[in-house]
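Next come the structures, one after another.
In what follows, chain A forms one complex with chain B and a second complex with chain C.
Right, the complex of A and B next:
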């Protein structure tokens, strides 16, 4: 240890400034600032536009930052909501059912499946997991036509289940959960088995409490998926459609609704960002185990 | 305890081992039943239907390779959309992958609070879902559009540019918007992976003669986070092949002279507008093979990082 400190002093290596040059710092942080502005500017515009009175939205030349912030766009939105054919609370209820149902079911059944894949040995284990990894290699859009056919066959077309059930079996959630469970010590499970606990019991009282960061992560990722879904492929009844559908409908209203559309865009963006913010540390903890082994 | 130990020996007959592991299968059943219905079966059906003529009303009729022949030899728009999709993938795939890695790497140098803030800024666009509609305001074709407004004021252009109605501009602009959206799950995985790299390895490397941060990145950091690199690659590749929503929203479907058409917009055109499901399935099957093939290829390449 003392030797180490001496070495460090001699070569002027300090832990934080290991191998760092000023020029390199300047270059990288400069690049970071430019790209950071590019990333954040559209979001800054979303916020500012939502707060702009209508005359500022149509100002020339356009200004990014609002001068006289107002909440009138949001109050206009509420007025408009009360006017819709289907009561607006219904859209909110639909979204709550679809996203909550999608999140809860996915977290539970993906965790149930992840536990044996992470901790048991049985025939077919590798092929099952390989299929899940393979499913992450193409997007769901590829399979949406046969999915539509299957959903019609199952008779769940035009119900919440048409959106919720496929979402339960998303591959990435199972993958992340399995990787996270693998790092739990086997001794934890062994001692419970010796005490005579069933697998079902072990899962609920030992595994699940220990993978809390992972189930929060699955829930958030699932929420992001479900939140953006307009359901237009599977839901025909207006009373079943989610909030996102009616919000996007409002933004398509053209010039007359530019102010309300700005408020809507703000809501669409703010909700998932808020959820991510709350769960950020759990998500980062889960992602440390996300790596693919060869 | 028995399930784990006995099956490892591998001496018992398969049926016994399956019976012993019945509780494992039971736990997995709900997930894999749904997985079968909504992922495995659709892929198989897509391949099957691609050899048929199918309009949802009458039963599918087998027509052999006709859909594929028509796609590759007669359908000019498919060739355009294939070309666009490959351009998207070849440009946004590697660039977004590289940017994910670069920003994760730089952000990792900051203190935890700042790190969390920067992570949010770079990751936020990819989770805002349909909020990319804000680009409509930026790209509005008259002088009220933000981009036109700024460029006019700076005298870079003399008159407003119709960004989403000019054939040559559609694809480059969509690529920029796609890059804005693309720092997603892969980016988070890289950030997390960087934090798992053992700090002691950097000190050891410094003593071994690693001189600057670039060498450190190549010889220490990247090999240590190879599993995350592979996961991130899957995420970015899949995303870069699946561009469709932004094209449909910003450029329209069909876009001017199909300049913004991608394989998925073409698929949607046949699948949900013309209800030619057999043909749409052939398009889907080709896209499926492209995505999985590219992923497999890149996985093979990534195994060589730092070797």
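Right, the complex of A and C next:
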């Protein structure tokens, strides 16, 4: 027992020598902290403003940190929500359908398509791949008119499908998943095939668990895309519009709604951040479970 | 025997098509058609019909000729956009790889630190930017014009940048290197905000490196430096390509050329010309991208 401790101590000393020096570490983390502070500042402002009573929001000279935190902005928001024309829960439902539908569909469909592209040979593979890259570059802002024409030609204008279906077949997810699947060793798939697994089975129980970091990353990415979508181009019925749209309307209320707008901003920012934290913590768990051995 | 193998491969092909088809159908409908329609628009003159909808009349290469011969902005804006991209992309890649490696280590609260680097992407949503600008206006009131003066005064008084530039030039440092460095320093905040997604892609890449490789290298007595160059870097290499592609796509979506195309379409209502702008710039960037990706791919190590 005592020897074990001694050994461990010796090992730790050796390990320390192998790594970077303390001063180097301090410098690096100092750099990271400076970068981090700049990025966190807007969020700090959002949180503080959401907690400020109305007189502090307009205080001059402005202060970043709140003096007398209250939740009155949030209670005002709830009062306001009760007065909306369409019940507020409907907006939440719309957002849930659009965001989750777009995200889950995209992750599954893109992964399914990426598997043959990454691990099988077939004619036209390269052309298809270049098309994908090209399509990603075709910016959404510029192609609004063709998109609109296509959506109305398909007759899905003014439905959820107008937002969800194009999101499913976006090129980014296919690209990301393909890059990650390509890295899996062929022998892993080979051995599953020898053991008699069907392609469907290989995909779900070999490929997908091994690229878990990739599809969680894609989920974060896609969630962010869909969450930020106001859908103003395609959705005209008030009952179909997402949360973001109604919140933007509250924000547009100007000075009179300043406090409520601050609370709204907090909510819009908080949901994707929470989602990010959940996904990131499960990315870390995969490290121990993925048992790739060569 | 031969016949049996043929059916087998055919069977596999059908499975492959089944895997790919849900995505492919959507892709053909929503994206390939968009590309095709933009090409069609760029070759024609578009008039809005009085009955609603639009009418196309074939105009040949007129729009292209106008864009390159007569349009006062297009060529200039296109060159600037491409140049900016060439400057930014390598910097974003290096920065995000560096940050991802730091964030991949074990320390307390690293999920939160990762979230911090992803914040610019989250705060980039329309609703939030709008609300933030409004809050800033409310907080600072009429301060914004003054703050600009303060900033310019501060930059001119503290460090004389011109002196250092001429000093380095006299030391025979090539001018384009200096330009690059100055450009890089002045863009630091842009680069940090643009690298959120790249960082999480790199983190995912680092997470998919089998830990056994590190274990072996430690047993063999490799230093941290060696471990990085012999294990981490080759294993992450394919995702350098992924990130180059993502960065170029992202940078292009924000570039002035896209703004120009947007303004031409929705302010000047010249949709044919706007299609030419987006088509030409997309193809150019696509070409650039394919060359770069090919170049990196040659040096890439695939684990199989």
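In this text, the second predicted complex is superposed on the first by the 240 of 294 C-alpha atoms of A that agree within 3 Å, B and C clash if a C-alpha of one lies under 4 Å from a C-alpha of the other, contacts with A are read in each partner's own complex, and residues count from 1 in each chain.
The criterion applied here is as follows: a residue touches a chain if its C-beta (ideal position, glycine included) is under 8 Å from a C-beta of that chain, and two chains touch if they have at least 3 such contacts.
For clarity, every value in this text was computed on a predicted model and none was experimentally measured.
S.K.: Which partner does A:24 contact after superposing on A: first (chain B), second (chain C), both, neither?
M.R.: first
S.K.: Of the partners chain B and chain C, which touch A:104 in the superposed model: first, second, both, neither?
M.R.: Neither partner.
S.K.: Could you tell me if A:190 is touching chain B, chain C, both of them or neither one (first, second, both, neither)?
M.R.: first
S.K.: Who does A:269 touch here: chain B (first), chain C (second), both, or neither?
M.R.: Both chain B and chain C are touched by A:269.
S.K.: Determine, under the contact definition given at the top, whether A:161 touches first (chain B), second (chain C), both, or neither.
M.R.: So A:161 meets neither chain B nor chain C here.
S.K.: Would you check which partner chain A:47 touches, where first means chain B only, second means chain C only, and both and neither mean what they say?
M.R.: So A:47 meets neither chain B nor chain C here.
S.K.: Which partner does A:213 reach: the first (chain B), the second (chain C), both, or neither?
M.R.: So A:213 only meets chain C here.
S.K.: Check whether A:112 is in contact with chain B, with chain C, with both or with neither, and answer first, second, both or neither.
M.R.: both
S.K.: With both complexes superposed on chain A, which partner does A:180 reach: first (chain B), second (chain C), both or neither?
M.R.: Only chain C; A:180 stays clear of chain B.
S.K.: Would you tell me the residues on chain A in contact with chain B in one complex that are also in contact with chain C in the other?
M.R.: In chain A, residues 18-20, 28-29, 32, 35-36, 38-40, 42-43, 45-46, 49, 58, 60, 62, 109-110, 112-113, 115-117, 120, 122, 131-139, 141-147, 149-150, 154, 165-166, 168-169, 171-172, 174, 199-200, 203, 221, 224, 227-228, 230, 244, 247-248, 251, 265, 268-269, 272-273, 276-277, 280-281, 283-284, 286-287, 290, 292-294 are touched by chain B and also by chain C.
S.K.: Touching residues of chain A toward chain C in the complex: what are they?
M.R.: Of all residues in chain A, those touching chain C are 18-20, 28-29, 32, 35-36, 38-40, 42-43, 45-46, 49, 57-58, 60, 62, 109-110, 112-113, 115-117, 120, 122, 130-147, 149-150, 154, 165-166, 168-172, 174-176, 179-180, 182-187, 199-200, 203, 210-211, 213-214, 216-217, 220-221, 224, 227-228, 230, 244, 247-248, 251, 254-255, 258, 261-262, 264-265, 268-269, 272-273, 276-277, 280-281, 283-284, 286-287, 290, 292-294.
S.K.: Which stretch or stretches of chain B touch chain A in the complex?
M.R.: Residues of chain B touching chain A: 1, 3-4, 7-8, 14, 17-18, 20-21, 23-25, 27-28, 30-32, 34-35, 37-43, 45-46, 49, 56, 99, 102-103, 106-107, 116, 118-125, 127-131, 133-135, 137-138, 143-146, 149-150, 152-153, 180, 183, 185, 188-189, 191-193, 195-196, 199, 202-203, 206-207, 210-216, 225-228, 230-231, 234-235, 237-239, 241-242, 244, 264, 267, 271-272, 277, 280-281, 284, 287-288, 291-292, 295-296, 299, 303.
S.K.: Once bound in the complex, which stretches of chain A touch chain B?
M.R.: 7, 11, 13, 15, 18-21, 24, 28-29, 31-32, 35-36, 38-40, 42-43, 45-46, 49, 58, 60-62, 64, 109-110, 112-113, 115-117, 119-123, 128, 131-139, 141-147, 149-150, 154, 165-166, 168-169, 171-172, 174, 190, 193-194, 198-200, 203, 221, 224, 227-228, 230, 233, 244, 247-248, 251, 265, 268-269, 272-273, 276-277, 280-281, 283-288, 290-294
S.K.: Quick one: which bits of chain C touch chain A in the complex? Just the residue numbers, please.
M.R.: 12-13, 15-16, 19-20, 22-27, 29-35, 37-38, 41, 99, 102, 111-128, 130-132, 134-135, 138-141, 189, 192-193, 197, 200-201, 203-205, 207-208, 210-212, 218, 223-224, 235, 238-239, 241-242, 245-246, 248-249, 252-253, 258, 261-262, 265, 271, 274, 277-278, 282-283, 285-286, 289-290, 302-304
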